[in-house]
């Protein structure tokens, strides 16, 4: 084995793969990967709800950002008004609950704007989404400047599964990944599975897919295309709201200007990668954000051997580039995946085309 | 286009009214901010104070006008960077990244030529910026043409990547010693200095030239005809013998070049490149392009408007205690009203627009498709 | 003793009037349909038949008049309402979702549920199979609709209506996309439905079919009923005269052709589709200057890919294409055009025009970079304007000005723009793809005349059309395409035999065993028991 690992370039790759497996299974970074993937997965769910119904939504980024801000500020105000002890159940407080609810409402409200512009006004949907992004960024930056937050309502706490479960050889990391996380992250997996099942086996799912593929056909069998699209876009706003709440109430306990940093777009790529299915998008989210987790892992527990020394050497000479490389990996992966996948991964046929009920001659 | 638009005035109406409505909405926000902010009182006149300082900061004095033009210059260029793309059916929100690449390259060239004569150093640095911007635009254009990857996502990714790459390079490789924060060495003679005591500089000429140049390109040349045809109906263009892929790549590179030039101008004005160059001109270019309806003349006017707002904002923040970020909010609301054109028309009881979908309607069409030809 | 009143007709539409801006689509139309009757609605494109049926199906509301079902007046609010009243519609352009299965398409909107949330797919599957059997065919509910042939897709559409217990079935131009074979089969299905008491309204503009299948024929012209006939008391000329209101020349004067040197030589051409399947499998033929070669075939047998390879839109994977002796196989579109190839694409709005551009720009869409329309990179606006005005006059394009967007023109005028553009050059080869789809009789006549005129000017014409009649009318020679191969090369009229060609289109000339739904051909090669007769020679 050592002989293999010592071959110049191939050896590095092998060392890397060995390291990868080791760090995932033994390195306790699995929950970190899920944590990073959660907002992406939720954003992708929002995207799926929209695009499966035929509405392109580029504004997930803005929805997330705005919901994140609303979640944070609401939790803060409630926390100021009603200081409460943390319950043992995920560290829940009234403040945090209010924050989530407010975030969901915010997500739905912005989705209402997007739905209105895309479905009723029939504006170009990409422009509509971009406008939402610009406005959300502007509004949150403005408000953040105006009201300088001086405190925080804290965050949800992760669940602590029994140690025996985590330390199971071989599969322990799976349990750790899905259980050693906060409530929103845990909820995400459940939501992914539920939406997947409903999309392909329920009446709602059949009608949604029909409306996204061929709205005229759906119309002629009596389905309310406009109504269904509105409802689904609004429902998507719930997921975007949850994603925002996650960022400020579970992942960190603060709000930074533009803290979404492109996650909304990575979510889109995950959705395209997953062929517009929730499970596929979830896989994509894990893949994209796993690369960032890798950076964390390498810093905490550097690989042994030549690869380790090589990496340490780079870190020494080019610390900023080294760090930025790992931060930038998800973005790079997104481009690569998109370039490779489009054309093979086909969106719903009526995606992006506003529906007009015609009374034809 | 052969036929002159029936009335330029007609096309100004909706954007103008959108701006008006946005200012109204922003007024509400300003009043609210008076309540929430440090003053903690409702001042119904606050918006007027704010807008007056905004105007004063830009039109109130000769210096203010100069500042407005200086602020508008890069905005017109990034507006073209987005607007020309729109004509080809491409939405270039990567102007930010292209600006950074252009600025960074201009800084590197400038540092190299810091001691050369300005007549050589300035154009060299600008050219460097243009070239870098063109490359930065080429990448998403190529990806879109040959893989179908939609430019909206790839350009945002490239924005982030550009920022990370450049800041890494400035910190680790190009950091100039002796400064309290990470930045490159000064660009010396490549800097664009103010003329006659104002902030006006040579770069303004470039922007001014690019506007009529774009107009001539789009409406008077065969190349522009192809660009517009590909933007309006790429399949018909293909069937008629044009090459949509080539046009997409060409257009994106051109857009990148405009943005790169804007970045170069800003950096050469600043005199160096800081590790983190926080500029909003890339994003603002989107507003300028949409407000200007993807038309070079419109872009010029919108650029001036937004430049006026940006130039006057600091004074507004001082005098009316309203944070400069309100300009970002105003931008967003203008765009919402623009998109909801129908609402604006209904409010002011205007006639519905004539047939023929605008360019603004055609971007989403290529969202998930591969491009042929 | 009172005589029992006969039951009222199943459907009565009386005094229906519908106005749209600038036109009266339906003007006091009255129609009645009995149970178990096949009633044909005959009329040209734009006569108002589709409007009438849209009203029946709840897609539009009448301005005047009423609808009676079983003698009782009803208001039909929307398609869901129509469906619940037993009215089913099979649209001309199928309302099927390609990526969904047969069962999913049938279920949509009338879902069979296992509980409040989930579908009962097993029960649905059972019902669908049973329905199919009842009307004579075996259908696989889990097949994806996009894998089915057009004939089978139509059956899914019919099943959709039957699943919802339709008593009245409206079929809009059902045979527009079928081979003569498939037409025979669907007629058999319709007769079985009628025998079971369903009423069928059959919309068509094909005279001979209507004479064959209908129990009664109502002719509509310009929004009014101009006559109702029994098939036994009328013939095609009578119907045609009613339809158009004047003596109609049902065939254009084609004259004889004098073919000269070959302008297009295709040898062993192979072309792959986007998915990598070989759609054109070694095709060889020649088109000569001064002749029209028509390619007959059911849509989807490789014609699109063949045309794309000849025009340069698609790379071939084998074989050669020669234009007047030059090997153009690797040339791009523009180079082929510059050497004398003209092309009128199949979808004028998607492929032929930029609707937002003015007519003048569309007229120079292929030549804009040449003198006199441009000098180097700069366009010559005045020259373009003059040329546009000339062409508008020459081709009688109805428009207020050369500067209005092409999207404001009617279908016929849009096609004229494209024809003007292509025909105004010296051409060696002109490729016409579905040149008269969706056009009115007047425009069709005009375009056919232009094509013959060009042929007489020593251009070779390659005509691809799904309308077998058009092929028969115009072609000097006919090639039949089946599954990517030319299976026959025949003389045109008067020697051409329509049944023979139809059979070749459907079966490729080979004997077949029992067909499956995925076969483009029909079932076992039994000879049709009714002949589809046109005018006798």
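The first chain written gets the first letter, and so on, giving A, B and C; residue counts start at 1 in each chain.
Note that in this section a contact is a pair of C-beta atoms (placed from the backbone, for glycine too) under 8 Å apart; a residue touches a chain by one contact, two chains touch by 3 or more.
Predicted model only: the values in this text are computed from it and were never measured.
*Asks:* Can you tell me which chain lies farthest from chain B, using the average of the Cα atoms as each chain's centre?
*Replies:* Most distant chain from chain B: C.
*Asks:* Determine which two chains are connected by the greatest number of contacting C-beta pairs.
*Replies:* After tallying contacts for each pair, the winner is A-B.
*Asks:* Where the centres are mean C-alpha positions, what is the separation of chain A from chain B, in Å?
*Replies:* Centre-to-centre distance between chain A and chain B: 29 Å.
*Asks:* So, what's the distance in Å between the C-alpha centres of chain C and chain B?
*Replies:* Taking the mean C-alpha position of each chain, the two centres sit 48 Å apart.
*Asks:* Send over the residues of chain C in touch with two or more other chains.
*Replies:* Not one residue in chain C touches at least two other chains.
*Asks:* Okay, in this complex, where on chain B does chain A touch?
*Replies:* 29, 33, 36-37, 91, 93, 143, 147-150, 152-154, 156-161, 164-165, 167-169, 171-173, 283, 286-287, 290, 323, 325-333, 335-336, 339-343, 360-365, 367-370
*Asks:* Which part of chain C faces chain A closely enough to touch in the complex?
*Replies:* 20, 23, 25, 46, 48, 50-51, 54, 57, 59-61, 78-81, 83, 89, 91, 95-100, 104-105, 107-111, 113, 117-119, 160
*Asks:* Tell me, which parts of chain A touch chain B in their complex?
*Replies:* Interface residues on chain A, with respect to chain B: 56, 58, 113, 116-117, 121, 123-128, 130-131, 134-139, 141-142, 145-147, 261-262, 265, 268-269, 272, 317-325, 327-328, 331-332, 334-335, 338-340, 342-343, 345-347, 351-353.
*Asks:* Show which residues of chain C lie in contact with chain B when the two form their complex.
*Replies:* Touching chain B: residues 311, 313, 332-334, 337, 343, 345, 350-358, 360-361, 365-366, 368-369, 374, 377-379, 381, 384-385, 403, 405, 407-408 of chain C.
*Asks:* Could you pull out which chain B residues touch chain C in their complex?
*Replies:* Against chain C, the touching part of chain B is residues 1-3, 220-223, 225, 228-229, 232-233, 235-243, 355-357, 372-373.
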